[in-house]
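Worksheet: the structure to be examined is printed underneath.
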């Protein structure tokens, strides 16, 4: 099995030292979605510790990184204070970058992209626009059909986006960050 | 008492009753809320997941504007926004990151704002007033649900205790309520997947509702619009995964206190809930 | 280690026998690595360390000095470290007034059990002094000492 | 000109692997005043020392520098060798080439150059060294043992049996310590009290042991062979010379709900109490914090009950002073309470216990008479979970070390549970099983194989209560991180062993070192495990680090032998590292101006006033003089002296200046 530089890159970007994990499993024991994951957090840490490309790719291709909700229960209880949520952020970025995506990532990524599109153009979240865009991206046309009308009736949905003035700066922020091909982003 | 106010997107849309109750309660407690001018979205989980610089720049703009406006303290009722703003402040203590963000924003950012959540606002500026003004004690057995974003990561937020927090419970006791000990105070409800993975949300939220209901809670008290929408609007989906449907309402701490202070249900936005509030 | 072009500061550490000397021994026993720039002079107690010795060191070309002993309350001789601390607080102002660059004096506590703290202290001090550069202005100190008639035969 | 011999040690490869020792010897050989310089594989070995002795004679050396390990290791060895060859031992110095050079740097030019600098520094110092004569002091052949647990008991008995007097002090009303609280002991499962109580009685009856219970050390002054200990005898409120220990007062005491320390809070005791039935001495004390009379000024029921009139209401704490020659520290350890674990229930669930509490449940003398019953409702738990490493090996909680004893006692607990509760199910969550010790691994295997204890490798994330059950959320890491949920009736936390409360203050009173966790520090991790850095003070048991009974007893006997060896001398030789005030010929007498700043600086009251009188008896001047019996050689006076009239032998101004100059002038 070939060794790679992924682990040192990971440490450089996140400050997480995978070698510190001593496999007590407290993270997996308390993770609300561990049972849904291909690899629960402690197992994922062990895969990283092997340092092989094969295991690293296994992680990128897994659903674990996409199912992590960043609830930070693992970090809060970790005796070694290993920042697993931060590590998950990084691994997700890498998974997109290398285009090694688990099918579970699709709706999640679609949601995030729709969300960001919404604030890029309107400065604030425009929920009707977001849901429409998400449905368009995932073809989940029927989802939430029962909720939306009630939301509307309860005054929870605005048909038009909120007024936001500084659109120019908002465009600039997006152009300089997520749309800037020179920086690391999906 | 004057304090900066950042409502955030949810409070102007799907969780507007939270905004309504915060505003009504602040008025009753003589706290003047000064809204940050032309605020933008904090970027929430989406920016955090997709791009680090974006996730720092969006909250930084909000705080830069507040600083420009002369505010020193800002209350952020949405737990997600509170978390993002506090985390951004922490990350921007790094000179390199702060420089880069200033370059993106083309605005000065000092990082001098004090960001507090709604519970801190009530504890600091309202506890005595609330006690004095209770006219109809909130005599209900309730489960206070804190979720993730208010208390974690503790090393940075430094708010309450990370396991078994108490700040909301003590506010409930102040208004004559009975807050109970239960097991899911800080377990994640899955709000991050509220649109993308409703199946998982139903499972996680179901666990929370079931424990509270088993122990006889009449309501769940929250301080996060993500948790509230999830546990309230998704109740239909949640109930499908449970053996017995659960109909206990999920109300904001500001609504509960508002009721005790005699503020009307309409003014507190209680009519906007999916699960009927009959308390 | 470091490239030959980089400035290698000369640093002397004045340490007590019971805490810091033993702590530095533990650094060795634990095989922790640190920079070679610092050389230790052993004293029975930091209370013994005459601050004129620090001046003398600068006058003779030291770029930095470390003074380290037991933590408060842990002194082998009850109170020597308190005397040293009091002396340091008083002398710091005087030294500053005299034009001595007090950033070049690192005052610390390292116990016999803090081997890794010693390694960190050495490495941080070396990095700090390296950033400050050679202590070329020490002539001022030398002049002062001469004026006061203070030399090694005193 | 000096004739100095320099001896560079390879220390096997410990030094020579990173330092070019031959070059060091070569370059030093060329220094002014160096008559002879060699390197050798093991300078501390017999042939190595012979090289030194022969060189002293052959070259007529007037100074020796050995470049080897830390002087804290071998300075006495090389000084002895020099003395045997006829050279004053204080003309021999060591350069620390191992701990301070070869072990902390990579192999490089700089490392060798630093080694050369270190040796040069000491060569320059030796040039200024003066021959010194050792100081002889008498030895008080009486030992003070602090702490009456198994460590203190063993050390006291061993010292007493060599014929020397022992003063044993114990903070609590009875000796016995944690061992008296244990049910059965691993790996033999023999009853703890059955093997301990005979020794407790022996202590009480031994003619050479003076036992003070309910007593604490107030202060310790002096030095090896000559300590003065002030001991506070806390008021017991009961006159032990008349009390018969009948126990009638205890029966009648109306304050009955005080949590019993002996039962780790699971049982109760009265305000006038004997901690446990086998206590030594078996006489009560009054706990003044909880006693009705001391709290409210009325009650005195015990006084009415007492037929011999032993109650002493107005008795005050008494301070006594004892002169001793050696001290054994045996203050033991403590365990973290359940309130240290928010994720396991913050101490709010009654059925989440510490290991020590479980010992009390399992003990025949405990609150349930040895039956395992839930503190909450008294029922017998059908499912029990043991959580190992509760707090230990947890840097986030500030305890990165392994507490060493928990793996074994957890196996024992699970085994005792299975023996006592037939059909019960026990699960142990563990990270590693550390069963190093005679018959230890076999013991753990027996728990797993014969007593069907379910061992699951993984830590528990949290415990919460629901419907009277404790829900344990664990994990099986050997199944790739599969979650394990157990509805338990009782949870036992193998909570971390920590330093006893007050150990930091005690260490400061005694001037012994302690580690970041407040355990007392041994003088050398391998070769001086029972000595402290302060001569004459020794360590026994878990006050140094958590350890089990056999190890504690072994260490206590070791400390006792050290004390006995010390007492085998009538006189001790002390290093002459003391301060001296210079003396000059008349009419100067001394440069001392008699300001007595030194007197204010001295922590030992060693500065005396010396009157210099003329032939006619008239006072000429008063100058300072150092009492070398009292001076401990800290040198604080030297830094204080304005006229530079006082100096400290072995670290004179001249010597340290020579060292500094050598480092800077190259």
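Order of writing sets the labels: A, B, C and D. Residues in every chain begin at 1.
The rule is simple: a residue touches a chain if its C-beta (ideal position, glycine included) is under 8 Å from a C-beta of that chain, and two chains touch if they have at least 3 such contacts.
Bear in mind the structure is a predicted one, so any value in this text is a computation, not a measurement.
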Setting chain B aside with everything else in place, what contact-connected groups do the chains form? one piece
Of A-B and A-D, whichever chain pair has more C-beta contact pairs: A-B
Provide the C-alpha centroid distance between chain A and chain B, rounded to the nearest whole angstrom. 22
Please tell me the distance, in whole Å, between the geometric centres of chain B and chain C computed from their C-alpha atoms. 52
Enumerate the residues of chain C that touch no fewer than two other chains. none
Would you pick out the residues of chain D that each touch at least 2 other chains? 343, 462
Residues of chain B that touch at least two other chains are 162-163
Per the touch rule above, enumerate the chain pairs that touch, sorted by label. A-B, A-D, B-D, C-D
In the complex with chain B, residue positions of chain A that touch it: 32-33, 36, 67, 69-73, 75-76, 89, 92-93, 104, 107-108, 110-113, 115-116, 119, 123-125, 127, 130-131, 134, 143-144, 146-147, 150-151, 154-158, 162, 164-166, 169-170, 172-174, 176-178, 183-186
What residues of chain D sit close enough to touch chain A in their complex? 343, 389, 393-397, 431, 457-462, 473-477, 480-484
Contact footprint of chain D on chain B as seen in their complex: 161-164, 181, 183, 211, 214-215
Chain B touches which residues of chain D in the complex? 342-343, 346, 348, 462, 464-467, 471
Residue set of chain B touching chain A in the complex reads 9-10, 12-16, 38-41, 43-54, 57-58, 61, 103-107, 148, 152-154, 162-163, 186-188, 190, 192-193, 195-198, 200, 204, 207, 233-234, 236, 271-274
